[in-house]
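Shared between the two complexes below is chain A, which pairs with chain B and chain C, respectively.
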Partner chain A sequence: MGKKLLIHNDKVPNIHTLQVYREHGGYASVEKALKSMTPNDVVEEVKKSGLRGRGGAGFPTGMKWSFLAKPEGVERYLVCNADESEPGTFKDRYLMEKIPHALIEGMITSSYALGAKTSYIYIRGEYFYVARILEKAIEEAYAAGLLGKNILGTDFSHDCYVQVGGGAYICGEETALLESLEGKRGNPRIKPPFPAIAGLYGCPTVVNNVETIAAVCPIVMMGGDEYAKIGVGRSTGTKLISASGHINKPGVYEIELGLPVEEFIYSDEYCGGIINGRKLKAVIAGGSSVPILPAELILKNDKGEPRLMTYESLSEGGFATGTMLGSGGFMVYDETTSIVKNLYTLARFYHHESCGQCSPCREGTGWMEKILHRIVEGHGKPSDIDLLWDIQRKIEGNTICPLGDAAAWPVASAIRHFRAEFEEYINNPSKIKDVKHYYSVNQLAGA
Partner chain B sequence: MAKVTIDGHTIEVPDGTTILQAARMLVDKDKMVDAKVAPPTMCYYSKLKTSGGYCRTCIVKVTKGSEKDPRPMPKPVASCRTKVMDGMEGVNITSPEVIEARKGVVEFLLINHPLDCPICDQAGECHLQDLGYEHGLSKTRYDFPRRTFNQIDIGPYIKMHMTRCIMCFRCVKVADQITDYRVHGMLNRGDASEISTYIQKAIDNDFSGNIIDVCPVGALTDRTFRFKSRVWFTKPVDAHRNCTKCSGKVALWLKGNDILRVTGRKDQWGEVEEFICNECRFEKKDVKDWTIEGPRHIDRHSVISANHYESLASLKLDIGKQQKALSTKK
Partner chain C sequence: MEIKFNEEALATVNKIIARYPQGKHKSALLPILHIAQAEFGGWLSPETMDYVASILNIKPIEVYEVASFYSMFNLKPVGKCLLEVCRTSSCWTRGAEDVVKHIEKRLNIKEGETTKDGMFTLKTVECLGSCGTAPMLQCGASYHENLTMEKVDALIEEYRAANKQRSYTDLDYKNTL
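Moving on to the complex of A and B:
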């Protein structure tokens, strides 16, 4: 049994209420930080913990916090990214729904460390019911003097607000999120400047994922050094993984980083093996944006060593044979899966979610979707595979925000590892049933 | 000051200059430098704050970050938005990789473009045409229906032909920067997004006509000039008048003694020198309204400058081959 720091109490009845949460040690990190530590002490502990951003990119949180500009007389903000729209990722929802106070506690402690008088939780539109849970929790916290003026009788005052988004994936990108929070269209900003210098309303801002912020509480309680002992190498601590697909036990699991992938998939403690005893075909390990890997490469890397659930091990071999830990959206596909159809679904998603600011992503995502649609419907051309490859190559790395990359990588990896399957689709159209090949122009224009 | 080298040419520029501006300075300063060292731009406009970064045609490769940190930048960067560092070295036209990536961008810009140049008022001075000549493929790889939108009139003077738009945001920035409140912006998302005033409202501002001049393509055109003439059949002259709203310095586009069109004066980068008011642009169509200064030198972005047709080689057409093909067909 691995250590659990975030959702160890998820089965406790009424843990969503302040009273039960406090009975189980909740808000101790606020007490400890506000009463016995300076803000800088908290930042130092987070640095020592080696905590890395759980939103996808894995950027060291302590370092991000220390980049925050602190000009005199200018507000600073902490913004929690609860947009969680990456297909396959549903860990933040679980945490917020079950233990909302874990996030609120993290918001207060982190805001104290950053000197932020105001913080926002930006939550995706489809999570409106979770927003209500959070608002209830915030209300309770205000009533208990954990939010508002002079928290727990100290000098620190803080206000926390929940803002519901409109439901666009792109609003999870941190600068698009800030635009949206300001009430504007959620278009990613051109960087630099980074939010740490000019973020919300032009003020220095830290944007962190729900899980990252929640992890600050155990770090403050146990100390950064102790936290860093969990995990392997530069992948410290625990991570929430949302497992879905053809497994016996889909759900959200908290693992110690460093768990072997094979154990995660097959052990009864976690995914419990492939459904109906079928064979594993492929895994998307970190949310839909990261490269898909075939069974042999997800269980072992190209050197034949077992792959571990860590940032480093999963990316071993680069994109040629590796992938990324990403947001922890672990999607498992058994031998009955059509990789081509799956890719088409993903391509549709990225086309639909592109904000439209930069030419390669705006035009390229739609083009890739149309080609994949044609292939799936049995009208693919032999040249289509190379065309797809060329299009994704021209999107990648030439866009304002990483959504362009996120749209390109699934295409590249599917072709890299499953080219034969694409060829099969193209060469045997008669085998593909229910062919309807049409794409109306109105549909394209969104009319 | 920072010293930068682009395609082997070195120049010293003030701190905070972008790579693109530095490249333009290089070209302006030294006639021996190929004008193409300055990357093409479709969305950047030096007179508009926060413009640039969207279209990605101006990409260059930074092969040396700076004197202090000589590491190259891993990915191509938008030169219009990337500031120079002292000792920075970059490549534009000397890099096959950049040319290839730019070709990709041009292809993306063209896949949903209607290519209705024969009936487009912008033809002949369209930046997308220029870009297409220089970097485009001769045949499209896109074989799906192209997206279309209905044309709308933004007030009595401006035609919006969204199907041709390349989403450069220049008109949005003009509207933002000349009016106090937002009247013009982007609706919808991704490749379904469109530039609009939402309910076909006129942009009610004395300077709204400038969105026509900044539009690199024929998405925004002058209704008073609509279908009057191909631009290369008109004669551009510099002229001015006493205007209370703007400088009154314009370019007139004449056919005989008729003023078919009034625009701002565009420099060699296709940008107007000054924004002009709607009265000068739309309402003063009599030569008696103007003091004519003399013929206007057209630099680069127009076929009337004959630049693109200087030689058949620059057109990339092999006439001999075509004739041969025609004769064997018979």
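Moving on to the complex of A and C:
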């Protein structure tokens, strides 16, 4: 069993309350950081830990923190990105719902490191009830002197607020999130300037994912060097993986980075294998935006070596044969799945979520959805596959924010690895008509 | 319906506005729109949006452009219970299409429509972060997960009997994670 640092106490009764959380060692990192470390010490430990952004991009957190501008007399902000909206991803929801104080503790410790007097947790609007849980936790923290003026009798004062969004995937992009937090439409900003220089209200701002901020607490407690010993190479520490799809045990798992993919899928400790003993067909390993890989390429890379759950191993082979760890939204598809129909649900998603600011994304996502719709309805044309390929090529890299790339990659990878299935749809529409491409609900309930 | 917050709602609104630095009160727009939608019939009429603009001392267009951007704000009336069924990949693989068809048949409406008695509106939505407990639907603040047709039927009966408007801001929520 691997080491757990974030959700090891998730089954403890009432761990969502401050009292039980503290009984299990909660808020020790606030105590340690504020009383025995300088802000810079904390930043140094995070740098040493090798922690990388857990929202999907995997950018080194310590480096991101060190970019934060610190002009005299200007407010700095920490903003937590809890806009978890990437299909397949529900790890942050789990963490916030089960152990809300783990995030609040991380917010205080991280804010101390960054010199932020105010922080905001921007949470997706659909998670309204989770926002209630966080607000309750914040209230408890204020009452215990862990938030507010002179925390634990030190000079450090801090306020933390929860902000609910309005239901927009794009607000997971950090500059769109900041726009939304300012009460505007979630249109991503042109960068530079980066938020570290001009973020919320034009002030230097760090935006970090929920899991990233929560990971700061164990790093402060065990030290960056110790944390970096967990994992493989530049993939240090533990990672929350949210597993879903055709597996026996969907859910959120904390793994040590470096776990073999095969073990994650088939071990009873994790996903518990494929439903009904069926064969694995494909996996989207890091949220819907990352390339889908067929079974043979997700279990082993193109050199035949076992694929590991690390940033590097999953991306080995580039996009030709690899993918990305992304957000850890691990979606598993068995042999009955129609890759084309599944791709259609994703193309529809990206079309719905495109903010409309850049033409390639606004128009391209719509065209891809329409073309895929006609293919799954049995009206596809032989030229449609190349047309889809052409459109996604023209979106990728040509937009202000990465949503364009995120919309292009699923299409590209599905065609790259499952072209024959597209051809089948187009050449034999009568064969695919009326075929059910998913499990019926009652079939699963009986399983 | 008079478009004016009651004292309790107004107190919450003022508390929200106080979260932001001086002059940055526009940040309160999304949270206040959620409250307004819950207070004034489950949707944002032009009158409601104008009222929110007046509270924040911003131009009505600043409210319209935001309300029309985010999918949680209804710009047309909806039923007391807005049933939002997730249909993206993981939910799809576990039978979301069945759930939609079942509700359509049961309530005799199509996706996007409202029942004649104004009780239910059916909407399909994109990923709600409930992939491990798929299929699911959201109604107000509650997540209903690991759905079966029996659960859907029971839920519809329960909501019909309670006969009350469900909002994202409701304090009584159900979740099964």
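Here is the rule we use: the second predicted complex is superposed on the first by the 433 of 447 C-alpha atoms of A that agree within 3 Å, B and C clash if a C-alpha of one lies under 4 Å from a C-alpha of the other, contacts with A are read in each partner's own complex, and residues count from 1 in each chain.
In the analysis below, a contact is a pair of C-beta atoms (placed from the backbone, for glycine too) under 8 Å apart; a residue touches a chain by one contact, two chains touch by 3 or more.
Since the structure is predicted, the reported quantities are computational estimates derived from the model, not experimental observations.
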Note to self: Under the stated touch criterion, which partner chain does A:F156 make contact with: chain B (first), chain C (second), both, or neither?
What the structure shows: neither
Next item on the list: Please work out whether A:S359 is in contact with chain B alone, chain C alone, both, or neither, and reply first, second, both or neither.
Entry: first
Check: Of the partners chain B and chain C, which touch A:Y21 in the superposed model: first, second, both, neither?
Finding: neither
Note to self: Per the contact definition in the header, classify A:F264: touching chain B only (first), chain C only (second), both, or neither.
What the structure shows: neither
Note to self: Contact-wise, after the overlay, does A:W367 reach chain B, chain C, both or neither (first, second, both, neither)?
What the structure shows: first
Margin query: Per the contact definition in the header, classify A:G397: touching chain B only (first), chain C only (second), both, or neither.
Written below: first
Margin query: With both complexes overlaid on chain A, does A:I190 touch chain B (first), chain C (second), both or neither?
Written below: first
Margin query: Looking only at chain A, is it chain B or chain C that touches more of its residues?
Written below: C
Margin query: Per the contact definition in the header, classify A:A168: touching chain B only (first), chain C only (second), both, or neither.
Written below: both
Checklist line | Which of chain B and chain C A:W409 touches, first, second, both or neither | finding: neither
Checklist line | Contact residues common to both interfaces of chain A (with chain B and with chain C) | finding: 168, 185, 352-353, 355, 439-441, 444-445
Item checked: chain A contact footprint on chain C (complex, rising order) -> 19, 21, 24, 26-31, 33-34, 56, 62, 65-66, 69-73, 87-90, 92-99, 125-135, 138, 141-143, 147-149, 168-169, 171, 173, 175, 177
Margin query: Please output the residues of chain A touching chain B within their complex, sorted ascending.
Written below: 168, 170, 185, 187, 190, 351-360, 362-367, 370, 387, 390, 393-394, 397-400, 439-441, 444-446
Notebook entry, point to check: In their shared complex, at which residues does chain B touch chain A?
Noted result: 53-57, 59, 74-76, 78, 81, 101, 104-105, 107-109, 111-112, 141-142, 144-149, 166-167, 169, 185-186, 188-193
Next item on the list: Would you tell me which residues of chain A are touching chain C in their complex?
Entry: 75, 84-90, 93-94, 97, 118, 120, 124-129, 132, 161, 163-169, 180-186, 201, 242-246, 250-252, 284, 288, 329, 331, 333, 337, 341-342, 345-346, 348-349, 352-353, 355, 438-445
